[in-house]
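Consider the two complexes below, in which chain A is the common component and chain B and chain C are the respective partners.
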Partner chain A sequence: MKNEKNPPLDRVDGRMKVTGGAKYFADFAIPNMTYCVIVGSTIARGTITSVDTKKAQGAPGVLGVFTHQNMPPIPGWDGPASKQADGPPPKPDTEEKYRILSSPKILFDGQPIAMVVADTFERATYAASLVKATYSKQTTRTDLEKHKKDEITPRGGDYARGDAKAFESAPVQLESEYTIPIEVHNPMELHGIIAHWTGADQLMVYAKTQGVNSTQQAMAQAFKLDPKNIHVHTEFMGGGFGMGLRTWPQETATVAIAKKVGRPVKLVMHRSQMFTMVGHRPYTAQSIQMGADKNGKLVSIHHAATAETAKYEDFTEATVNMTKFMYDCPNVSTRYRLVRLDRSVPIWMRGPGEATGAFALESAMDEMAHKLNMDPIEFRLKNYSETDPEHNRPYSSKHLKEAYERGAEAIGWKDRKNEPGKSKEDNWLAGYGMSTGVFNAFRWEASARVVLNADGSLVVQSAVTDIGPGTGTALTMIAHNVLDIPFERIKVEYGDTSLPKAPSQGGSAIVSAVGSAVFDTCTKIKNDLFELATKAGAPLAGSKAADLSIENGNVFISNDSSKKVAITELLKANNLPSIAQTADSKGSAELEKYSMYSFSVHFVKVKVNALTGAVRVTKAVSVADSGRIVSPKTAASQMIGGVTGGIGMALTEEAIIDHRYGRFVNNNFADYHVAVHADVPAIETIFIDKPDPIINPMGAKGMGEIALIGFSAAVANAVFNATGKRIRQLPITPDKVMQEA
Partner chain B sequence: MNPFQFTRANTPQAAVLAVSKESGAYFLAGGTNLIDLVKREVVIPERLVDINRLPLATIEETASGIRIGAMAKNSAVADHPLIKKHLPLLSMALNAGASAQLRNMATVGGNMMQRTRCPYFYDHSMPCNKRGPVQSGPSKGQPNGPAGCGAIGGVNRMHAIFGTSEKCIAVHPSDMCIALAALDATVNVTGPKGNRSIHFAEFHRLPGDAPQKDNTLLPGELILSVDIPKNELGKYAHYLKVRDRTSYAFALVSVGVAADMKGKTIQDIRLAMGGVAHKPWRLKEAERYLKGKEATLENFKQAATLAMQGAKGYGENDFKLTLAPNSIIEALQIATQTV
Partner chain C sequence: MENENNAGEPESTGASRRAFLKQSSVLAAFALTPPAAVHAVEKGLDEKVAVAFEQQPLRVEVNGVAQQLSVEPRVTLLDLLREQLSLTGTKKGCDHGQCGACTVHVDGQRVNSCLTLALTTEGSKVTTIEGLGSVDKLHPMQEAFIKHDGFQCGYCTPGQIMSAVACINEGHANSPDEVREYMSGNICRCGAYANIVEAIMEVKSKGGRI
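For the complex of A and B:
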């Protein structure tokens, strides 16, 4: 692979997407399709005392109304408890279990109480409105703040290094509390599934999943089928952000219902159901104790987090992990707790855990810098960790210092006044803020198949789904870099279980995992070509493979490019219509010697209206230290998307529950505020673009998560710099800014 | 959503007749609010009468001012040269509302008639006094969900601080109506009993004991147009909308200001607030105080204090007791160009 920067390549599927050629799960039309609509519970805890489905059953076009009284069994769920995380059976240590439509018990608001199938979506919707239930309600516990005392300690437990009492004697001390509200992924595309039994034991599924292999696995388990009998297709996804990382119970139920109805069934959920049935970022309360000496050297950090989870399943994430290694600090401890509430289970949401944790840690770093009267960057540099203090091993690569420098330059950090409330712009208060983000860089196992055709075109195949980051474009670039086949002659096929296995699109890991598999497979093809070129009687016979290169459709001798043979000639001469290779790829044991992380730095400039508390982000610069950038254009888009999500997290997003009822009051796109264009300024993205020498052959680390992680703290820090007001509860809405003393 | 009849009216008379014949019949204008209400089964219609063919979309200059047809689209009004020139406050208020797509559908009549955004009103598993009884179908006359006010003691961050009752603390969500209230508009309607005009201040009402009634329109009455008198308040105008995101969100508090200035002196001024009451909230006391005074921060502060008399918070919306006067000051400063 050429060790140079990659050229900007347009998104290879961009045209398809904007012209309607890209098919999302709900776009697939199957003859005889039927439509399923879910009726949700209107209470958050209690028991269904009656459910009247008679009217619904008699409504025009209705093919079935399924409740806990007549739901077809899901055979794999009734067996002995397994470790499968996707749906039931529940983890053994929780208090309750949730199996969709299996009992009259209600465990969370919006829990499905009926699934109605009709011959059109409209008729199913109407019939669903005729299902009436009565309940016996129980006291509802949905407010984490009120039930913190009921915390449990999840697996993983606490972490500590150094002296637990160091804080008490630290010359400068900070104690702060931070909260993150419930956030909902809310991708544009609604969740759902098409279930089509093509034979008694043959299942075709079009899903909204971030991993076709994981959906295949979940369905195989639920229906006790050989995974080979299950075909899952998800080429494109209209945004996932984590909500498609598991197979949700209503998907499995739709498959069971399709079998019963004997026709294909399409489920597309309502926006309001996206708040209760496909996970969310959990409400999390955090506290930080930080000690430093007068020179700005950290003495101790204690980071505690308490997050909500469901009564029926423990969901954990790495909220406090960043604190363990981010800064060079001798005494560090973390504490992570869960409170089981009458809520549906959370799931990873972009920057899972770290985005929550970074808000607290990076706000606290800013607060401490202020106490020390130090520049926040200087304070971070003073405590820079050159090696990973948690695992006592080197980082595979870390260019965070350069990231601080380049971001500071781009935002104009030198114009920042360290004293808050001192700058004005258009009669608004102006301020600068920054923060750091970090996320594990993974190297998961993946496989790929590559076919080189006699006409010189290339097909790259992997089961991986493209949820939007530009996976197809990145894989095109990687194949191009190995074989130098023109971009337009490379076709990437993905999102289907008939293709070589790949992990789910998540954890910012796909370029590393699937990209490595593509790299390895293309390298095999390259070696095949070298062999063909050098075997007896071949044009380059006598040369060694090690002395060959490939460029522009030719194999040639590296130091004598006049001695060459066209790839197409090689295949023709050998009567080969194509060459195909498959490779499984995973990292070596060498990787364990290193801590592998991607880093980011976010800089923002804000203006704040002193009277109304309105906050505007007027400039954002985000710098990624994520190894070699494989596809600069889609990577920049990925960053811009993350920052936009970060603005939402910082300023606007909050799913609000009326705790008296345990129900959401803003479960729609008018009232749950994702950032709109007017909230988002021009975003400058900067890539350090230096290959990581350890992680994979491309030297690429992930960047989907770091684009968002830490951003909300940068905004909070900028608001402080503008106003002197420290907002520790997201989102930073005008009322908080206006009131906070 | 229940099945309903759909008819199209070609004349105002036909529309009025079709709607006054049945209790569950509604005019359908842009549909941006009504269709949502129907989908949520807050409104359960027997019949929708499409009024989009009525010739009521003209915007014209009259002897005494400007007349805007009830079917004029929000975007058409906001962009109309007459409105931009003579009534900039109205243009600004319209553009502060909803999104471009919605403004392209929403009509002036529909905007005035839009229902509150109180979340309890839209979820009939939760208590609300505003929904009233079911209007049609087999459950006609029965309560549409539990009675009571969900917002009192509940999530009421968006709710009213003026003119509330123990039955309802909802706000009227319109931005456009804040401008119309400030500009002393008159609403021309026709109905089963003929034509009449309603002063804008009397068009919307406070919840009192009948929160299900948003306004004083009688059953079957159709809004034809809105008249706005000529004024000298065009030059110093501002609509300030404080909201949870920069665009496409309802007001936490909004303030409409239109003034006539001579030098630093306020010759005449109109002030109204949104997001604070069940109707557009005109600030007459503050207007009286400011008339003839200099545009100074001190005077603005005093006006804001006068405007806030009688305000009352309900917990989550207590911040409005500060945000509202702050917003009045900010809006006055911008409008009078004294910042």
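For the complex of A and C:
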């Protein structure tokens, strides 16, 4: 493999996506299709006292109205949980158990109370409006701030190193509290599923999932079927951001209903249901105690977080983990707690817990730098961790210093005044902010199949789903790098359980996992070709495989390129219509000697209107230290996507609950504000692009999460630099900017 | 403890709109062809009779093809395109005109097809992403989206492209800031905005109506 920087490559599925040809789950047409609409509860806690489905059942075209009184059973749900967290896994230590449409008990707002199936979408929608329920309502507990005292300690426990009392004697002290509201993934594609029983025990599913193998496993468990009998297809997914990392109860219910109805059933949820049925980033309250000496050396950090979860399931994430190793600090402790509320269960949302934790830690770093009258970058460099202080082992690679330098140069950091509130541009206050992001770089297990055809074309196969980062494009690049087959002659097939197993697309881990599998499989093909080229009677007979190279469709002797044979000739001479190889790939034990992380640095320039409190991000620079960049063009898009998500997180996104009722008041796109065109400036992305020598043969680390992690703190820090006002509760809305004056 | 009704539509007691239409259709059927209709009702086939009476004729040109359709008045243009005409390039993102994923052109104007009842397009020309260009011959805006990587998951892309073409034709693409303003009805959650703006500015720079 050539260890060079990769060229930009147009997204391989681009034509399909710009012409409307890309098929997402709801785009598949099946004869006799029926349509399912979910009716949600209008209370957040209590019991259904009656549910009247008579009118709905009598409405035109209705094929079934399913409630807790007549829902077909899901046989495997209460068995032992599978390895993958799918369906509602039994958690014996929770107070409540949630099984969709199995009981009159209501545990969260919008909980399905009925699923209505009709022969057209319009008829199902209308019939769903006829379902009427009465409830016996109980007092709801949805406000974490009011119920912190009911915290529980999830598994994993607390962390501490050094002296727990070091803070008390630190010369410079900071104590701050930070809050992240409920944020909702809100991918553009609505969630749902098409369930089609093609035989008594044969199931075809078109899903909105980040992992077809995971959905297959979940359905196999739920319906006690051999996974081989379940075919799941998700080639294109209209965004996930984490909400597709599990199989949700309503998906399984739709499959059960399809069996009962005897026809394929399509469920496309309503946008408001995306707020209650497919997870969210949990409301999290955090506090940081930070001590430093007068020279800017950190003495201690204590980071505590309390997050909401459901009554029926404990959801945990790595909110406080970054604090354990990010900076070279001798005394560090973390504390993580959950409060079980009358809420639906959260799930990882892009940059999961780390994005929440980084807002607190990186805001606190900025606050401390200010107290010390130091430049925030200088303060971070003063406490730079050269090795991982949590695990006492080296990083597999870390070029964060270079990232700070290059980002600072690109944003024009030298123009920043360290004293806040001192810059004005066009009558707006102007300020600069920066922050750091970090996320584990994984090497999961995956497999791939590669077929080299006699015409010199290549097919790469993996079950992995491409939810948007450009997986197909990256895999094309990796195959090209090993076999030097032209991009346009490589076809990647993915997103289907008929293909070799792959992990779910998440954790910024797919290029590392599936990419390695493709690399290894292509290497096997290359070795096959070298063997064919050098066997007795072959054109390069007598040469050793180690002395050969492959380029431009030819196998040749590395130091004498005149001695060569075409790949197509090799297959033809051996009467081979194709060569196929499959390989499983995983990391070696060597990896455990290292801490593997991707790093990012975000710089932003903001302007703040002193009269209205409006904040605009006018320039953003994000730098990624994530090893070798496999596909620079799609990777850059992933980075600007993280920035865009970060602008929303920093300035506008907040799902608001009316705690009197435990219900959302802004569960739609008009009231829950994600960033739109007008919110997003031109964004500069910078890649350090130095291969990691440890993690995988490409030297590539993940970047989907680091693109977002830390960004919101950079905005908060810039707002402080512009105004002198420190906003510790996201989002930074005008009222907060004005209020804290 | 208290009781609460499920907050659905404001309920008029008794007959709903559908039930009323259904009854009047059956009555009409009685008047016209009593024996057949009575038989149908007895057999529980009144639903089918009702359906026949509720369908309305619609003549509309979609992507250059004249369509003679029969649709219920409550069907949106979006669901007509997707569920009846198999034109699934147009996407449903919210069904409330809040996201722009369903943007199509009706007589050259960009509209949210989820907020457009299909019957209101009588006599109109509708263009969807499938009618803009083809895999073999892309529209310049489609080319530019590929070149500038103006998408990631691709779900909002058909709406963004339809909106982008109209944005230029409306004369609202004279600067990146103007494009940002006039494209803000099309949400992209992957966050490809910066690249989309570049794509639109490039197509605009080549001049003319597109």
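Note that in this section the second predicted complex is superposed on the first by the 733 of 741 C-alpha atoms of A that agree within 3 Å, B and C clash if a C-alpha of one lies under 4 Å from a C-alpha of the other, contacts with A are read in each partner's own complex, and residues count from 1 in each chain.
As a working rule, contacts are C-beta pairs under 8 Å (C-beta built on N, C-alpha and C of every residue); 3 or more make two chains touch, one makes a residue touch a chain.
This one's a predicted model, so the numbers in the text were calculated from it and none came from an experiment.
Contacts of A:N383 after superposition: neither chain B nor chain C is touched. Touching more residues of chain A than its counterpart among chain B and chain C is C. When the two structures are aligned on the shared chain, A:T42 is found in touch with chain B and with chain C. In the superposed model, A:S457 makes contact with neither chain B nor chain C. When the two structures are aligned on the shared chain, A:S129 is found in touch with chain B and with chain C.
Once the two complexes are laid over each other on the shared chain, residue contacts for A:T19 go to chain C alone; chain B is not touched. When the two complexes are overlaid on their common chain A, residue A:T120 makes contact with chain C while staying clear of chain B. Shared-chain residue A:S176: touches no atom of chain B or chain C. By the touch criterion stated above, A:T733 is placed in contact with chain B alone, chain C being left untouched. Contacts of A:A670 after superposition: both chain B and chain C are touched. Residues 42-43, 126, 129, 670, 675-678 of chain A are contacted both by chain B in one complex and by chain C in the other.
By the touch criterion stated above, chain B contacts chain A in their complex at residues 1-3, 41, 117, 119-120, 123, 125-126, 150, 153-155, 157, 240, 242-250, 252, 319, 322-323, 326-327, 329-330, 339.
Residues 1-9, 11, 16, 18, 22, 47, 50-51, 72, 74-75, 79, 82-83, 86-96, 98-99, 101, 128-130, 132-135, 138, 142, 145-147, 149, 151-158, 161, 176, 179-181, 183-197 of chain C are the ones that touch chain A when the two sit in their complex. Here chain A touches chain C in the complex through residues 10-11, 13-24, 26-27, 29, 39, 41-43, 49, 55, 59-61, 113, 120-122, 126, 129-138, 186-190, 236-239, 241, 268, 270-271, 467-470, 633-634, 636-638, 640-645, 668-670, 674-678, 680-683, going by the rule given at the top. Residues 42-43, 125-126, 129, 427, 609, 611-614, 616, 651-652, 656, 658, 660-661, 663, 665-666, 670-671, 673, 675-679, 731, 733-735, 738-739 of chain A are the ones that touch chain B when the two sit in their complex.
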